[in-house]
Amino acid sequence: MANRLAAALSEAWDSDLAWSFRHSPWAMAAAAVFLACVGAAMLAPWVSPHNPFDLAQLDLSNSLKPPAWIDGGDPSFPLGTDDQGRDILSTIFYGARISLEVGVAAVLFSTVLGVALGLVAGYVGGRIDAFIMRVADVQLSFPAILVALLIDGVARAVLPGAHDSLAFWVLVLAIGVSGWVQYARTVRGSTMVEKNKEYVQAARLFGIHPLAIMARHVLPNVLGPVLVIATIHIATAIITEATLSFLGVGVPPTEPSLGTLIRIGNDFMFSGEWWVTLFPGLALVIMVLAINLLGDWLRDALNPRLR
Amino acid sequence: MTKPLLELRELRIEFPTRRGTLVAIDDVSFAIAPGEVLGVVGESGAGKSLTGAAIIGLLEPPGRIAAGEILLDGMRIDNLPHEAMRRIRGRRIGAIFQDPLTSLNPLYSIGRQLVETIRTHLDMDERAARQRAIDLLREVGIPAAERRIDQYPHQFSGGMRQRVVIALAICAQPQLIIADEPTTALDVSIQAQIIALLKRLGRDHGTAVMLVTHDMGVIAETADRVAVMYAGRIVEIGPVAEVIRAPRHPYTVGLMGSIPSVVDDRERLVQIDGTMPRLTVIPPGCAFHPRCPHVFDRCRRERPELLDADATRAACWLHAPGEKSANAGPRGTKVRR
Amino acid sequence: MRKGVSLCISALFATMLVAAPGYASTFRWASQGDILTFDPYAQNESFNNTFNSYVYESLVQYDKKFAVVPQLAVKWEQIAPTQWRFHLRPNVKFQEGEPFTADDVVFSIHRQLSKRSMTKSYLVGVVDAKKVDDLTVDLITDGPAPVLLRQLTDVRIMSKSWCEKHNVVEVQDYVAKEETYAVSHANGTGPYILKSREPDVKTVMEANPHWWGKPEGNVTEIVYTPIKSAATRTAALLSGEVDFVLDPPPQDLPKLKSDPNIKVVEGTESRTVFIGMDQKRDELLYSNVKGKNPFKDLRVRQALNMAVDREAIKRTLMRGQSIPTGELITPEVYGYDPTIKVPPFSVAKAKALLKEAGYAKGFEVTLDCPNDRYINDALICQALTSMWAKIGLKVKLDAMPKAQYFAKINKLDTSLYMLGWAVATFDAQDALINLVHTRDGKGSGEYNDGSYSNPKMDALIEKIKGETDVPKRLALIHDALRMHAQDVAHVMLHQQIIPWAMRKNIAVTHSADNRLRMWWVHVN
Amino acid sequence: MTAFVIRRLLQAIVVMLVVAFVAFSLFQYVGDPVQLMMGQFATPADRIRLTHELGLDQPFYVQFFHFVVNALHGQFGVSLRIGKPVSVLLAQRLPATLELSICAALLALAAGIPAGVYAGLRPNSWLARTAMSASLLGVSLPTFLIGILLILVFAVKLGWLPAFGRGDVVHLGGWSTGLLTRSGLLSLIMPTITLGLFQLTLIMRLVRSEMLEVLRADYIKFARARGLSDRAVNFGHALKNTLVPVITITGLQLGSIIAFSIITEQVFQWPGMGLLFVQAVSYADIPVMAAYLCLIALVFVVINLIVDLLYYVVDPRLRIDRAGASGH
């Protein structure tokens, strides 16, 4: 009975979501853009005209070519090239791939960390709860970018020389660690509500660890909010990655991400090679905007009261 | 019946949604006489609170009055401009909500909230309004009113807070109070006090009360007449004593289960199987027919209007002139299993 | 209360008036990197030397044609083959009031010859300094020292009593980032006084009212701001926030030239930019080749040399502002050998050489590179990584600010690095001693950070140091330069063309050593 | 009141100790300080001497104690990159960062709160919808891109505003201010917008959603049912209740502005602490990083205290002793 009810409810929930999606042109457009970004990024090696990360393919004589439709442009470089002769279009694809990989991996890391800590804090309560939430409070006062920079700096000190090869994981760690608080807070709240329900007490009688059964009951409850946080967090993570790369502490310059390209292009602000900054900048903003729109829509759809 | 204070005529409230228009209230008509206490009873979702909200003009969008009229003292108030309606709220119609804990703004002292309300409606200076506030608090039974007037809501217990809420509702001497589940959130021991207070105030000031509740017991103690709502419609309306003594609608019969004291102990109550339909899937014909123990063909086809049934009126084909003989339904008798 | 407020406001107005730009001859300028240290012997970087020369003076200096003229010494003579006598300028005072005497010269030369000094090369050949009287000093050399006077232009004189008072008799250990009083304070006899120093932000100097000389220019206040970002540097000049940019980005030159408020003074610099390779260690610090050092193999060095497309770098990254070269020094420097050609560019030959050397599949190595020192330094390094990738090398790039970079490569903590050298003495000997001679801790090989070492080369350089016969010496220099090119001791890249960009109202004298001599600057 | 403040102060001290511990761990255990401070001329004897001088041969808690004592005196050692005492470096750059952050915060508050209130009260008006869409764009635009765009338009194309730096500053005692000169004020405009814009959108969205939340509250419904005027309901009741959560989160946001200024300072070469910090990160200059961390934590703690006190003023539930309540 309860199962059937749950099934019916979840079906209604699903269809509500689907309905809201079908009737939100922004959400659909955002999803289309996002899917296109993901597709281009995932298929970068196949859809890109060039491989900008293969140094042997770069040729300085191709450097700073304007987009194909402008005088002096070369059709094999549709959006032009940067100072090293990298095809901008291909680099956007490959760079978006790095951005998305970093974003998704960091968000997964945050989610797992945050959900686990939230569950423990909410369930165990007392000092552990106080400690975890206090740490969360403290960390909340440090913006993600600062925490990420700090971790990056520490990684540099701990792994001199090896930093570049580990840059990706350092980024994931840095951005991931900086974002767990929101998840923990949401899950903790929900856990505290569930904690006193009878089935948790009953679980003890059956010899199941209450935390295990709670995880099973709490997780579906917080799925919606966590999904919303995660979506918006991906956008934040991508911006953070771009910012770190822009500051020159992100990925190595030989494998530029969108932020790196923007930084490179920044040096050509006066010399007329606007395409080096403009296209990666646009790609970044469009991708992040699409994700944010999706997140916004998801939040409204899951929480109709806020509309 | 004297000239009614409040009259609802064929009121219909709709919620336009993406799945089409939901009819939350349909064809609801009743009247409240001055000084009368009308109980409105039904399960949650039956439309009781919506009716109350519609009367004070605070239907939450996208809900809207789609048809019918609401008249106060013979004047239509359902189509008044925003500002005119605001002047009626609090001044002529007071309202009390379910949860006293959340009805008061936690950041302001109750005195400030009382004075603010009094001065909105009555031409009084600060000092006079404050004196009136103290008097009101005393009247609703708050001890040491002079001291407590400067306290904040969180310093009051639940029952005391509901008394404050009542004081706020009556501070401009309205002719009608809409009390939406005023006791639901309170302890049982407090409930009786609040009901007694409401009754006394109604009597003392000649104020009419529309008491919305799902609790038949409260109705039995308080109301003069009762309207039973089911799925957005009134299914039975009549004097309380009559309805309790001999409910005419099978649903009312079921509801009587909520007041054990008026039912003979030895008899087991009819349980109403199933739940009230959601507004999206109201069945054709009589909305109650899937759960009705006396259902017959006509119930599935046609929707019954309110029909005279002895001292009350009930929306049930059992009471249609042609059907009486054919179907021996609940007619002033308790139904046995 | 009200009175207090109005007092406050009037005080604010007063400060505003004072702060309003009143100095017509404030000269605000920028380049990409910051001053490294004010201890004049702790680093030998020409930009740093430039700044130190505003405060500290030398016995002799260059005129506008790079001829040696008096500065703190009024005249000099060679009284013996190994003894030079200098007559000092009388009545000169240090900025903090101490009189300038022979003791200060002796002290400064000893300090500059001490272990931690990074400018010993300017005293190569000098063994001692002796006071004759208060205004006479003898320099004792170990041989004839033909370019001694040119070397002395970069031997700055500090105050002995000041150094002793502030406990800076020892030279700052730059590599260890030692912090001494002399790093951020300066007390010379020069035309400008160091007024404030905020690392990375701003350095302010004021004209020395008690200077013994007469300035040709009219700059009374110098405000120097390092601006690392190329675009910001250009923007700052365009908007008039700075008056002068020492190193305008090549890509912005057309824009700057077309601006009516800006003028660009073009000129070559006596600087070559090159790549050095660790040729000493038996195993490279940053490579996947274990047990041997590929850079010890001439063929590998040749391969690296041939795989560089210098013309492409010139055309694209440098926008024509470079002259590709295979020679250690530039034509401005005495000893230049015009017969040394730019190495041929051939990927196929380079590949073949690598294969011959046993690295057919290439290898991994890290290239260290500054990112705020030479024109487009990091971009050139990036381009090199892709050029070398074409012959199979996997080159990782580690680019960093020069403050960090020089400390790293001076520690020899590198396998492959970029360096530029401008010959301050305008004589090839300086470059050979600093960059090519085996490092001996006594001034030779001070910037030979790849530890190239060839006994024949060392012998040649020693001969050059002592040879007084001009044609013979020139022939020796040519021999050394050719040997340097044949050995591929460095992968030479190009000579920088350094245009200086400034507001229209600024008049400067462009110098091939890329040093802005402030006392010649005019603000109109 | 005193009990409340003391409790808060104690919590603040605990927070500071935690952060100090993190900073201390960075300082003592990340990298090898002896190695970093020793040059090429160091001998093993020097190494032992320095280890002793730095107290690295002492037990852990003694080292931590010394660290905290030194930190309280503002001593965070010497920058590995610049070679100057960290405290001096930070002190030189503190005014620049504070002036920028405060201006940005004022901008964010002055524009964000009214915009949020408006969007909350009239959620369906086109202006509110436009503002919400714009705010989404604002959240999606990375700070550095905003800065670059502003420079491109106002410094490069139009030449109205300076592209970098603080302009002329005036020294008032130990404080250098750019607020008193024309060039200083002009230089402040673009960085302020760049830094404030993101916070502005956040505050606006926050105020709006809190406003919507409060407007749904029972006491607002009840206030309307009592016939109070829209003005009294919206601004008397709703706004004040909105303020409670807004104060907290805004307080935190403002604290983070100082740390956020890292990016803005980098883009505009603003000579503040953030620029110093970024350079410290790429150099792994641990003392600077540790000190900066402690400083940001201090700012956070101070702002939190202020927020708590503001709370205390706004919310009577904290102000009044619980014992006075008549419970049942």
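All chains are identified by letter, namely A, B, C and D, in their written order; residue positions are counted from 1 within each chain.
To be clear about the criterion, a contact is a pair of C-beta atoms (placed from the backbone, for glycine too) under 8 Å apart; a residue touches a chain by one contact, two chains touch by 3 or more.
Source: prediction; values computed, not measured.
Relative to the C-alpha centre of chain B, the farthest chain centre belongs to C. Distances from each chain's CA mean to the overall CA mean are smallest for chain D.
Chain geometry summary: the mean Cα position of chain B and that of chain C are 91 Å apart.
The geometric centre of chain A is 51 Å away from that of chain B, both derived from CA atoms. Taking the mean of the C-alpha atoms as each chain's centre, chain A and chain C sit 45 Å apart. Chain contacts: chain D has residues 151, 156, 282 touching two or more partner chains.
For chain B, residues touching at least two other chains: there are none.
Annotation for chain A: residues 266, 269-270 touch two or more other chains. Every residue of chain D that touches chain C in the complex is listed here, in rising order: 37-42, 78, 80-85, 89, 92-93, 151, 155-156, 159, 162-165, 167-170, 172, 180-181, 183, 269, 271, 275-276, 279, 282-283. Considering their complex, residues 54-61, 63-64, 83-85, 161, 164, 252-254, 266-273 of chain A touch chain C.
Chain C contributes residues 12, 15-16, 18-21, 115-116, 173-179, 183-184, 198-202, 225, 227-229, 231-232, 235-236, 238-239, 241, 400-401, 403-404, 410-411 to its touches with chain D in the complex. Listed in rising order, the residues of chain B touching chain D in the complex are 56, 58, 86-91, 94-95, 97, 99, 102-109, 116-117, 120-121, 151-152, 154-160, 165, 168-169, 172, 187, 190. By the touch rule above, chain A contacts chain D in their complex via residues 134-135, 137-138, 140-143, 145-146, 149-150, 152-154, 156-158, 160, 235, 239, 242-243, 246-249, 259, 262, 266, 269-270, 277, 281, 284-285, 288-289, 292-293, 296, 305-306.
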